[in-house]
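I'd like to ask you about the structure that follows.
Chains: A, B and C, in written order; residue numbering restarts at 1 for each.
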Amino acid sequence: MKRQSYFDTVLLVLTFVVMTAAIIWALHIAPTANVEEGDNQRIFYFHLGSILPGWLAFFYVLYASIRYLKCRDLLWDRRGRAAGEAALAFSSIVLITGPIWGKAAWGVFWAWDARLTSALLQWMIVLGYVMLRRYMDDEGVRARVSSVLGIIGASMIPFVYMANRWFETQHPQPVIAGGEDSGIKDINMNIALLLAMASFSLLTFLFMRIGRSLLSAEARIKDIEARTHILEEEL
Amino acid sequence: MSPMLRVCAAMLAKDLRRELRSKEIFISGFLLSVILLCVIFFSVTASDLSFKKIGAGAIWICILFTGTVGMNRIHQSEMINGCYRGLILAPVEGGWLYLAKVAANVLLLGFAATLLLPLTAVAFHIPVFSNLPWLLASIYLGISAFAAIGTLVVVITANTRMKDVLFPMIQLPLVVPVLMGGVNSTAMALKGEPPGDWIQFLAALNVVFLSLGFLLYEFLLEE
Amino acid sequence: MSFRINLDQVVKKFDSFFALRSFSEVVKKGDRISILGHNGAGKSTLLNMIATLTRPSSGNIDYEQHGARLNDKVQIRSLLSYLGHEPMLYPDLTGLENLRFVARLNGQPHDDACLLEHLETVGMQKARNRLLRTCSRGMQQRLSIARVLVSRPQLLLLDEPFSGLDSEGLARFSKFFSDSDFSWLLVTHDMEQAWSMANRFWILKRGKLIHSLDRADLSHANFLELAREGTMAGVDQ
């Protein structure tokens, strides 16, 4: 227990430090990409920075689902749920920051480009995973069935990105798609991007740990409730 | 006959016989698809687009609709009288039950698609024969991948309180890559070109999800 | 074929409620066990776990056949057959078609002659070509017994299969089970029926096994007294 809270404290401090560095770099040190977009472009660091954590979290769902089905230990179900909710949070950030940046960069909130479309589909798949749990009461059934969906959903994500990439190469949209990755020549911009990715990844990890321990605490309370019930009946 | 094939044959025979008697997939899925074709025509023409260009899209919208409604219906009728419990308790490996169910779904949906194709061809003036083998391959591979995923999701959502709403909500985002593969390869086949990459993509989807389903279905055969 | 099922400290927990607590017992060939108790005592939960429909939250259920441990779910399921209130037969198929499907699924002979024999045992051979949905509840229950016979199980798991039957149907069922050489576990509310059909009794109360009795050691009156203990759920003892 003590070792765990020591680890959590270190994680929290590290996340804080890296996040602060990321904010300073992204908002202050990195130069603006071009004159038209100006400072609006800076949201791009957090937009791109959220994509990786979203993937990491959902692939952790895949891992936790497989572990649960192998050993049926509800701890893995709780880890999967925490990871799924973190994945949903970061996929939502991608989906919200994308159009904001899109409006600044291209003048439109939505363009059916590969990245945004894939982000939308990923978001819906992760949402399905999170929503499914809310409509099942039995914890054993919920854990088992969610694990199966977690594996299917996570396995489909690579296909989503592949399909959208190909589609875009065959049917390029008239909106400027090249503006996304081009322009990252300055070293400070690279550092800002890496820091954003790192800080959000650490944050995901932190969310997953906090989420899992909250769920474990909840489970312990329910267990105590159940046992108290029995004691009450026998007295 | 090996036990697995025996089980698959028994399941297929049972599902086809039931559908022939009740015709509920045909009624709920196919006939509504015909209405859908009309709606597509009206909306496309009202937007001043040529309906001749929308052939591939129209076919796939109808397959999607028939498939979603149909698979939900098929599973619900399996749950009546506790029959699904009978399948759970059968001394059969779950994976083979899964493949049998997918095969039955593919046959039923494939049949509906086979009826829809000439209808759509006539309605939207699509050149069905410009590359018929690839056209059929794109449609049936697509239906197969669709059924591979749907057969799993329908059982997953059957365990929930709001199964009728949750099934399309969870199924549809998962099958978008299948739709992309299907629509693109169908469109290319209709232009007379070989669909190449997209057919391979559909084949990969089939391999991956049929294998996953085979491994995972056992975990869904519990209460 | 001898078999043995060992239940060791089996627990089933649903969220914040223990449906079954620390249940340890043995089932072997020749056992005809009636499981009694109030609504919600855990009877169906127990039966479902033995049937492998659901897993215990903790504890073990081990299955042995001829002294050898069965590890494979397929082997375990061929040992058992389950019968509940629902017939587990397809409404759009005839009696014969339903039985044929079950026979094929269970790897049993599915030729007409064999299936007709099963139908005859339950008195349904005349209705063999009737669609199930056109059959009455009593007829459907008879067909569901035939379904159980087809799979040739060692142990029957019966969850109140007699509910909704008239007295004639009830008498026929009771006679059938008593005369046959099946082993079974029967969940029932009917204490008289339990007494007349079973050779062992498990009495559950609020998820706990309060009595495990042998018919040979009991008088009818004793049995009724003990069985009533289990059915009085709401009264604080």
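Here are a few things to note about the model shown:
Here, a contact is a pair of C-beta atoms (placed from the backbone, for glycine too) under 8 Å apart; a residue touches a chain by one contact, two chains touch by 3 or more.
Every value quoted in this text rests on a predicted model; they were computed, and no experiment measured them.
If each chain is drawn as a node and touching chains are joined, the picture has every node linked to every other. The most central chain, judged by the distance from its Cα centroid to the centroid of all protein Cα atoms shown, is B. Chain pairs A-C and B-C differ in how many C-beta pairs they share in contact, with the greater number at B-C.
Chain centres were defined as the mean of their Cα atoms; on that basis the chain farthest from chain B turns out to be C.
Distance between chain centres (mean CA atoms), chain A to chain B: 31 Å. In whole angstrom, the spacing between the mean C-alpha positions of chain A and chain C is 48.
Centroid to centroid, with C-alpha atoms defining each point, chain B and chain C lie 38 Å apart.
Among the residues of chain C, those touching two or more other chains are numbered 54-55. Residue positions 137 of chain A each touch two or more of the other chains.
Residue positions of chain B touching 2 or more other chains: 222-223.
The touching residues of chain A, counted against chain B in their complex, run 69, 121, 124-125, 128, 131-132, 135-137, 141, 144-145, 147-149, 151-153, 155-156, 159-160, 162-164, 166-167, 170.
Chain contact summary for the complex, chain B toward chain A: residues 149, 152-153, 156-157, 159-162, 166, 169-170, 172-174, 176-177, 180-181, 184, 197-198, 201, 204-205, 208-209, 212, 216, 219-220, 222-223. By the touch rule above, chain C contacts chain B in their complex via residues 48, 51-55, 73-75, 77-78, 80-82, 84, 86-93, 97, 101-102, 104-107, 131-132, 147.
Those residues of chain A lying in contact with chain C across their complex are 72, 137-140, 222-223, 225-227, 229-230, 233. Those residues of chain B whose C-beta lies close enough to touch chain C in the complex are 3, 6-7, 9-11, 13-14, 17-18, 21-22, 77, 80-83, 85-93, 218, 222-223.
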